[in-house]
Each structure stands twice: as C-alpha cells, then as structure tokens.
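The two complexes that follow have subunit A in common; it is paired with subunit B in the first and with subunit C in the second.
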Partner chain A sequence: MKNLIERLKKQFKISEVVFQRDNEIFLTVEKMDAVSMITQLRDLEGFTHLVLLTAVDWLEEGYFQLTYLLNNYEKKTDLGVRVKIDRDKAEMTSIHHLWKTAATYQRELKEMFGIDFPGSPRVDESFILEGWDNIPPYRRDFDTKKYSEETYFPRPGRKTHDPAEYMKKKLYPED
Partner chain B sequence: MTDINKHRDKFPQKNPDGTNIIDLKSGKFIKVWQGPNHPGITGNMSLELTIQGDEIMECKTHVGYLHRGFEKLMERRRFIQCLPICVRIAVPEPDFNEYCLTSTVEELAGLKIPDAAKWMRTLLLEMSRLQSFLMWIGGQAGAFGLGIIGQWSNYVRDLVLDRFEEITGGRIYHMHMIPGGVRGLTPDGFEKRMEETLQEIEKVMKDIETTMFNNSIFKKRSIGLGYIDPSMVFEYGVTGPNARAAGIPKDVRKDYPYLKYNELDFDVITGKNSDAFTRADIRRKEIHLSIDLIRQMMVKMPKSGDYMAKVPNVLHWKIPKGETYVRAECTRGEFGYHTVTDGSGYPRRINVRGPSYTHAVALMEKLAIDVNIADTAGLMVSLHTYPPEIER
Partner chain C sequence: MSFKDVLKPFTAWKNLAIEPVSIKKPLERQAAPRYRGFHKNNLEKCIGCGTCEEICQNAAIDMVPLDGIETKEGDSGLRPMIDYGRCCWCALCVDVCTTNSLTMSNHFTWVDTNADNFRFIPGAENKPWDNEELGYKKPENYELNNPYRVEMVEIEPEQRDKSFLEIVKGFSKEQAIKEADRCIECGLCIATCPAHMGIPAYIAAVRNDDMEEGLRVLYETNPLPEICGRVCTHKCESVCAMQHKGDALSIRWLKRYIADQVPAEKYKEILETENIKKNDKKIAIIGAGPAGLSAAYYLALLGYNVKIFEALSGPGGMTRYGIPEYRLPYDQIDKDVDYIKSLGVEFQFNTRIGKDITLDKLHEDFDAVFAGTGLHLGRSTRIDGSNHEKCYQAVDLLRDVADGKSINVEKKIVVIGGGNVAMDIARTLARLQNQKYGKVQLIITSLESEDIMPADLEEIVESREEKIIIEPAWGPKKIKIEDGKIKGLHVIKCLSVFDEEGRFNPKFDENKKEFFEADMVVEAIGQGMDLSYFSEEMQSRLEMTDRHKVKVDNNCQSSIPWLFVGGDIVAGPDVISAIADGHRAARGIDNFLSQK
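So, the complex of A and B:
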C-alpha cells in the first residue's frame, strides 16, 4: 500500500494520507486530478469495485468532501479518495462511464446535496424526493425541525403535566 | 421462458449497450406501473415498465416511498441515540446496522471490545442471516406460485426470533450491540433450545428442498432467468450471493474476517450458472452453512466473562475527528457504514452502503429487459433487495 501511495504521489497532488487500518487508506486529491486518478486506479492498480460514493458537508469550512471508496478485490485493500469541492459552486466530473452504479450515487448526491454531475444519466430526475422545493435536505444548513413545523399541520399534543404538581393535586386536593 | 430471439424482428431493435430502441408514439408499447406494493420485495418500491406484448422492453426503478431521512436524523443524535434509528434501515436484518455502526464508532474512539462480546456479536449476526434467508426463501417460492413454502419457512423463522427474544428481549429490533460490547451473554440452557430450533429448521428445510427445488414449475421459471454475466459483477457493484452465483467467491466473512469468523471453519459457496435458480440454490446452501456456523459457535463460545469495555459517559462522549468504513457480509451482500466524525459528540455524517442500492436500481434495470412480465417478481426476489436501505 505504501508503494502505491508513493507511485500516486509522483503523478498527482495528494495530501492528508491517513492509514486508517492496514488495508484501508484515505487520501485527499485535487479536484482536477480526481477522475484521472480514479481511472488509473481502476484500470492499472486493480481497484475494480466502487464500494460507495458519498458526500460530507463541511459547512463551517465552506466545502463538500466527496469520498470515492474503491476496493481492490485481489489484494483486499480499500482506498478512500477524498475530493474537496467548493460549496457555492458544487460541481464535479461524472464517473458514470467507469461504473454503471455510479450514476445512481450521483443522482442521489444531486438531490440530497445539490452537487451537480453534468452528463450523468438521469441526474436531473428526482430520485427519492418527488416535488421537493426547498434547499437540498442533506446540507447542514437545512433544518429538519423548522421544515416540518412549517410544512405539516401542527396537531395539539397530549396535555403534559408537571409530575410533582399533578400528583400533589390528585392526592391532596384540599391543600 | 419464451425465447424472444426467435421472433426478434417483431420486437424493437437493440442499442449497442443492450437496451431496446423504443418509440412510444408507434402505439406498440404500453407503460405499466408495478408497485409501490410490489410482490417482489419486502417494502415499497415501484417499477416503471415499458412493455410490448408481455415482454418488458424497458424498466426504471422508482424509490422514495419509505424515505425517513435516517442519515440526516443521525447527524442530530448522540452516538448511543443513533442505535434505535439505524436498525430500521434494514428491517428484516437489523443486526448488521448495529454491528457496522458500533464498530465504526469503536474504531474511531480507539475502543477494544472483550472477546466474549465478539463471540456474542458473531452469533447474533449469524442468527440474523439465518432468519433473513428463511424469510427470503418464502418470498422466492411465493413469487413463483408456491405459497405454502412461505408458511413453513416463516414458522421456523419465528423460532429463531424466539431465540433472539431470549438473548436480547426483542424479536425484530434487538439493539443488543452497543458501543463497547454487548448488553449481555446467552441465558442458561440456551444451547439446548438453540439446538432444538436448528433441528426443526433442518426438518423443515428438507421438506422445502423436496417441494421447491424439485418442483418443475419452479425450475422452468427460474432456470435462465436474470443471468448476471461475471463481467457485470464489478461494473455493477454486485456482491453477496448474487456475485457468488456468477462464480466469483466474494464473501466478506472470508475476505476480511471480522469478529470471530477467522476462528470458524467454513468454505465460500459459489455457483456457475448465475441465474435465479443458482442464486436460490446458493441461498439454500447458505442456510445450512449458517446452521453449521451456529453449531460451531455454541461449542466455542465462552458462557461467561467480561462482555463490555469501559466506556465514558455516553451522553457526553466526544469522538476524535476521523473517517472510517466497516463492512460485513449480510444476506444480500456487502453491508457497510461510512462514518465521519468531527470531534464533537455527534456524528458529522453516517453513510450506509446497502447492497440493494446497486442491485435494485442499476442491475435490476439491466436484467429486467426482455423478461416476461409475470417473472418480474421472481427476478426481483432472486436479487434479494430491501428498499429501506436504498433510501436511508
């Protein structure tokens, strides 16, 4: 695994290499290099299985972190390729030509985080949320509680009692 | 199955990628909506089918009927509070959610769990696999018209749920694994009752094997249905029994031995023909493998001992910044949790990798082409998908 990282470092701008376990590494790569590095990993280094593609919203720092988790089935190793993309201009090159399943992940990310993947099949169709008209819900600045209070008709809940007061009134009504 | 290729000229021409060229204005096609109460799955999901005659020309999967925003909800909960939420992501098989979540949390917090807890977790996971397969076999038989099999298999599944109730107090959702270990070990006399249950399962499985796997209707309808080419396995991210039926021995229990699987003796079951029948046969063998593994565990497991590591106050527990991925082999394939923490008492993001995500969307859309409409439910069950893990 260390040799692989050394090889990749010669070609691509790699930073923040974390050896999470013996067979699991996370690293960060520049947005420009990401797709060519992933293609090279798939075609030459044997990382043929796309485990998942997900995003993390770092609202305070102002960027989205995309994680492409790749798996080398022969060598039983995992490589998490992190890409930081600007939160205001959330757009990334699509990898649907490398794995058929990537299109589904990208469609979900477009809907849930508002990250665009131009050219990915059916990326603009709604995946889970039909008729959604708010900001993408998995962004950190989307407030689920506020949304549900505004959207759904508020029903009066059960009447709540302070237990001490309530029992006192029940047991000693004359006091 | 009808051989559609004999009458190919009456059907639409193919695109280079295998999809059909469809002209909806020609009046030759009908759009049919199957679902959201689809006979082929446990849960709600729709298939938008374009059909000609009774052959499917195009299939599109629609999800979203079960979305409850679990991943978002977990970002607003402390780690211990995530457990009752996460189990609901895969209803018939919730223990894998508990295991993956707790082990990512333990890894990021640098916790080591005691040996007895590891054995207990392995037992729970294997029992969970067993009951999920038993539920599946009823679904697969039912989709091909053998309704009685479901009644038999659900009876023995209920016995496994009784054993779960003994250990954890819950039948479906157990929440027995918590960060640091498990909530308890097996009760007195558990081995005897477990053995009785396993014998009962074996008895019922014998009946199922005779009636289902020797049934000519089942064979006729499932052999050749939904062929997954071995070259599609990596392209479509196929895992679990679906990949093993194509001859690729992908099994997380063997490839990345977690918990106590390296101390258990078993071989990965693979098949050759990669159709619905082979997949059913592999899952049948998996049931026997699970029974065997549980028997091995009953002998090797410690009956007493420390089962909980020392954990700080879980309501004020802050976990250092980090990112990790933990996987396990559930009945459908590779199940994993990708957890990101930011040093606070709450997870930054938890992403669930359910095998159904790839099987039910991209793979199903590909396999459904040219399949008879009556076989869609059978095809869907043979991929073994649970919609809640698609739309966490």
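So, the complex of A and C:
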C-alpha cells in the first residue's frame, strides 16, 4: 500500500494521508486531479469496486469533503479518496462513466447536500425527498429541529418544563 | 433431450430436507447487541438537566416531574419523557447525556393499539427491557463536548511565595471561549447560587464574545463581579452537570473574564446608569462590605440617596481586610466599588456606629438602615497561654496587613485552624517569613482530618507548594511558655470532630501527643459578630435565630421594621450570600418605604 501511495504522489497532488488500518488508507487529492486518479486506480491499480460515495459538510471551513471509497477485490484493500470542494460552488465532475452505480450516489448527494454533478443521469430528479421545498437537509445550516417543529405537530397533551424555571418555582419561588 | 435433462427438475427435491434460512417468528428475533431500541434511563443517576431534550432534533423529548423524584440542588427533579411517534432512534440523546444515565435497549418490537402508550418516561414504567444489558450505550472515549476544563495558568510557587502578586492569571480570550463552549446551558447551577445569577446567560455571552451583554447579565444580580470572579465560594460549580462527565465549568473564572475585559469607564454606558432619577429618601448602610455595597448599588439604581458608614479606612469589608492581596488585588475591589460610588453612593470611612455615631441617630436622620457588619471578632481556643501577646487572631493580623501595618513576624509559627482563613493567614505569614528570613517555618494544625478540612482543596495544595506544613487531626492543648516567651504548641490527637448527630463535639486521644515548636501562634478557628452598636433596648427587641444569627424575613427585614440586616451576621460567612442579601434588602427597603 505504501508503494501505491508513493506512485500516486508522483503524479497527483496528494495530502493528508491517513493509514487507518493495514488494509485501509485515506488520502486527500486536489479536485482537478481526482477523476483522473480514480480512473487510474480502477484501470491500473485493481480498485475495481466503488464501495460508496459520500460527503461531509465542513460548514465553518467552507467546504464539502467528498469521500470515494474504493476496494481492491484481489488484494482485499480499501482506499478512501477525499476531495474538498468549495461549499459556495458545490460542483464536482461526475464518475458515472466509470461505475454506473455512481449516478445513484451522485443523485443522492445532489438532493441531500446540494452538490451538483453535471451530466450525471437523472441527477436533478428527486431521490427520496419528493416535494422537498427547503435547503438540502444534510447541509449543516439546515435547522432539523426547527423544520421538525414546523412540519410535524406535537401530540396533544405534551408539556415540557425548563429545568432552571422549574427549580425556581420549587426551590425559591419568592425571589 | 437427454435423460439428465429429464431428471434435473427433481434435484430440487433435495432442498426439502434443509432447514430454511428465513425465520419462523421474526418478532422474537434478537436485534444486534448495539442496536438502538427503546430507551432505558437510570432515574437515580439522571439529574434532569434536559440536555437530551435540547439536542433532540425531532422534539421528541419533554422534561416532566415524576413522583418520588425530588427537586433539589443539582437535580431539577424532572425526567425525560419520550414520544416514540417522533423519535428517530439517532441516539444523540444518549451520546450527550451528562450522567450517562440514558442508554438504549436493543428492543425494537412492541405492538399496542393505543398510540398514547408510545409516550412514556424510560425507567419509570417497568418496561421488559429496563434491566437488560444489551443495546446502545455511549461508546467509551467519545464525547460530543469536552469533559475537561481549560486549565487556569497560575504563577509558579517559586515566583509567588515572596510576594503578594495575584496568583491566578485569568483566561485569555481563546481560553475563555473554549471553556464557555463546554456549558450545556441546563441552568441547574442557578438555584444553587445564593444570588441566583444568570450563569448560563453570561457564559453564553463569553462564547459569543459579547462582553457588554455579559456585564449586563452579571450586574442584574451581582454588583461585585471583579471580587466574586476571584474569591466567590462558587457553590454553582459543585452542582454543574458537566462534573458528571469530567470537570465542572470554571464558572468563577468566566465571570472574572467578563469583568476583566470591560474598562471601568464604559460601565455606565453599558449598564445604562448615566441618568438615574433620584428620589428624596435617604438610606444609611452600616459596613462597606459585600452586603452593604450590594444593597447600596441596588438602592442607588432605584433612586435612593445612600450613605455607607464604615469603621475601617477602606471599602470591601472582609474581601479587603480578610482576603490576602495575592487572591484578590485591592485595585480590583476598587474597580467594583468605584463604579458604585459613581452612582452617587456616599462613603464615610473611619466611622464606627455605636461609638462615633449612635444607631438611634441614624434612625433619626435616615428613612431606613441596613446593617451588614460582618464577622470581625476572632474566636479564641481559650487554651492555656492563648492570652500571650504573641498569640494572635488571624482576622486581626489580616486586617493589619491590608492596612499596610508592619507585622512582627517570627521565625517559627503555628496556625491553628483548618478553614480558608487559616490558609489565608498562613500563606500571608509565609510570604512575610520569606521576605524577612528567606525561608518558611510554618505549621497549620487543624482539628479536622485532611478529608474533612473545610478549606478549599486548592488552598491546601497551594499552601504546601509554598512550603507550609499541614498537620491535620490535632487538638490544641496548651501553649508552652518559658521565660515569658512562646516555645510551641502542645497538641493531642483528635479522633473525630462531629458526633453522630453531626454536632461539633470533638473526641481526643490524650495519650497521643505532639509538640510543634513555635515562637508565635495564630488562632483561625472562626469569627463572631460584634453587635455592641445596638443599644440594650434594641438588642431586647432584636430577634435572633437558634443558631445565634440575626433573624430576618426573606427581604432581610429584622424584627425592628426600619432596620434591615444582611451578610455574615445573618448567614454565611460567604461573599455571594452577602451580595444576595444586599439585593434582597434593597428590594425590602423599597417595599417598606413605598408602603409608608
């Protein structure tokens, strides 16, 4: 695995290499290098299987981190390829031409994070959120609680107490 | 078609004998060991902080009272009730739970025709999964917020043990925000603070880096934030929900941080006290300690003309004359006091009521009187030799040091007492010994064994760092005097301090003896009040409590209607209780005078 990383480093801009386990490595690659590196991993390095494609919203830092998890079936090793993309211009080159299944992941990411993959089949169709009219719900500035309170009415008879107010009433009502 | 092809369909018959993979009764299947099923809550461990409700993104949790669970300090008495119509089983409530009382079973199947049954208080309704081990628990070494406090930087012992420089450096902005970020805003601390300060609100102001808002919150309930930010007894920290995860918030240091950040000249503008409308009523306050200063501040806000009479030469009471400068620098006391002064409060120092002016005269000249005269009389052990001129009272010595008088510090000293006053005088004298002799030879001896010594732990630790020797669990027997000079202190072993009923009733072993060499002894075993400023007639009308304190109502009004009393002579000794008394008295006086 170390040799592989050395080989990749010669060709691509790679940083933040994390040796998670003996057979699992994560690395971060520049956005412009990502698809060509993934293609090379699939065609020349034996990482023939796309395990998953997911994202993390680094709201404060202003970027989304995509993770392409690839598997080498022969060598039983996993490689996580991380790509940081600008949060304000959330767009990434599609890899549906490498794996058909990627289109589904990309459609999900478009819906849940608002990350666009131009050219990816059916990427603009809703995935599970039919009729969604809010910002993408996996973005961290989406207020889940507020949405939940506004959308789903509480069961009748529900009543809660603020601990500090309740303690005042019980322990020092006169003050 | 070959013969083989004819037979092939029948090969499927062999599967008839194989055990099926599917499950006959899926409802009886056990879920995975860490499956997130119905909640369990250890009701004894839970403190009702409501953080589970706060984090729940589905608004599925209500905090509700529960029979048999009492509201007390550090426990709201509320317990979470979960609406499973909304719960999405994400387990954030489990991960954030401060006491780890909330966990999940791996039960996920339950059929009922009544939807209301799916709203219940985990742990209170004898569910079949309540005592089962399996299910989701917060993983070890995983916390959503930092369980440990940001360490406070202090001056090293070698740099501090010769001077009276302030030991605690205070938080930087970065440290303060990091510490404030640990607060979960449950507010359990508010009930325990004698002044019921808006603690979560001012911590939130630190987190938002909004010092003006922070100062406003502080002054709602406490006009001495620089003082309290340094020497408050911080009872709030003893009930902080975060202590169950690791450390309590450094509430006291965060308060100090706010007060330290705001320059004195901006106070009036921020607190909107530039144009207070005055009325024509006059209030006299006896004693410029925390109780008197607090009463003066809140009365001044209400427009009263306030005059403080103080027997000593400066303001602050015990915070100036009892607490050493290395814990509370005088200029910080002055910052708090000067602001109160700027609101028009008058001070008359070196004036002892009962001697220079009678209490009756105050009653004649003013509409109401507040007395917060504190505990300034040192108690003596009354053992043989304790009337020697080299046997001192801690409070007297501390007062002299604060007044700038020189102390005739001896080479070998024994301090009797195990409270913070004993630590204060010992550490003060140790500094003076260091200055004069270049070394410390000082023993603190207390009746209490170390585990029940009333002094704060950090005082004990820091005393030792400053080369003071602590000898706990000894009872003073006799001061040895030869040729008119103190030679030391005879002590006997103290076996226990309190009896079964918790009353002070020390037991000794006379056979176990020790002798501590000394040429000076200081007694720091407690203080009493001086009520000699009350005339005999007044003393006969003044009701006292069973514990020999002045009896007052909830607004600090004594049995003499125009006389309000607060501070250490009512409760304590404790600075924040005194501040709370001052606030109540101001309210009481306002009520009293508006009814007149």
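Just so we're on the same page, the second predicted complex is superposed on the first by the 151 of 175 C-alpha atoms of A that agree within 3 Å, B and C clash if a C-alpha of one lies under 4 Å from a C-alpha of the other, contacts with A are read in each partner's own complex, and residues count from 1 in each chain.
Here is the rule we use: a contact is a pair of C-beta atoms (placed from the backbone, for glycine too) under 8 Å apart; a residue touches a chain by one contact, two chains touch by 3 or more.
Computed from a prediction, not measured in an experiment: that's the story for all the values here.
**Q** Could you say whether A:Trp132 touches subunit B, subunit C, both of them, or neither, answering first, second, both or neither?
**A** So A:Trp132 meets neither subunit B nor subunit C here.
**Q** Have a look at where A:Thr144 lands relative to subunit B and subunit C in the superposition and call it first, second, both or neither.
**A** Both subunit B and subunit C are touched by A:Thr144.
**Q** Spot which of subunit B and subunit C makes contact with more residues of subunit A, would you?
**A** In the superposed model, B touches more residues of subunit A.
**Q** For A:Leu50 in the superposed arrangement: first (subunit B), second (subunit C), both or neither?
**A** Touch status of A:Leu50: first partner only.
**Q** Should A:Leu171 be classified as contacting the first partner (subunit B), the second (subunit C), both, or neither?
**A** second
**Q** Quick one: is A:Arg158 in contact with subunit B, with subunit C, with both, or with neither? Answer first, second, both or neither.
**A** second
**Q** Common interface residues of subunit A with subunit B and subunit C?
**A** Of subunit A, residues 144 contact subunit B in one complex and subunit C in the other.
**Q** Provide the residue numbers of subunit C that touch subunit A in the complex, in ascending order.
**A** My answer: residues 48-50, 53, 56-59, 61-65, 71-73, 76-78, 83, 85-86, 115-116, 119, 186-188, 190-191, 196, 200, 554, 584.
**Q** Which positions of subunit A touch subunit B when the two form their complex?
**A** The touching residues are 18, 20-21, 23-24, 26, 48-52, 54-58, 65, 67, 69, 73, 76, 78, 80, 82, 99-101, 103-104, 126-130, 137-138, 140, 144.
**Q** Applying the document's contact rule, which stretches of subunit B touch subunit A when the two form their complex?
**A** Going by the criterion above, the answer is residues 63-64, 67, 69, 71-73, 75-76, 107, 234-237, 250, 255-256, 322-325, 327, 334, 336, 338, 340, 348-349, 351, 353, 357-358, 361-363, 366, 391.
**Q** For subunit A, which residues count as touching subunit C in their complex?
**A** 144-145, 148-149, 152, 154-155, 157-164, 166-168, 170-172, 174-175
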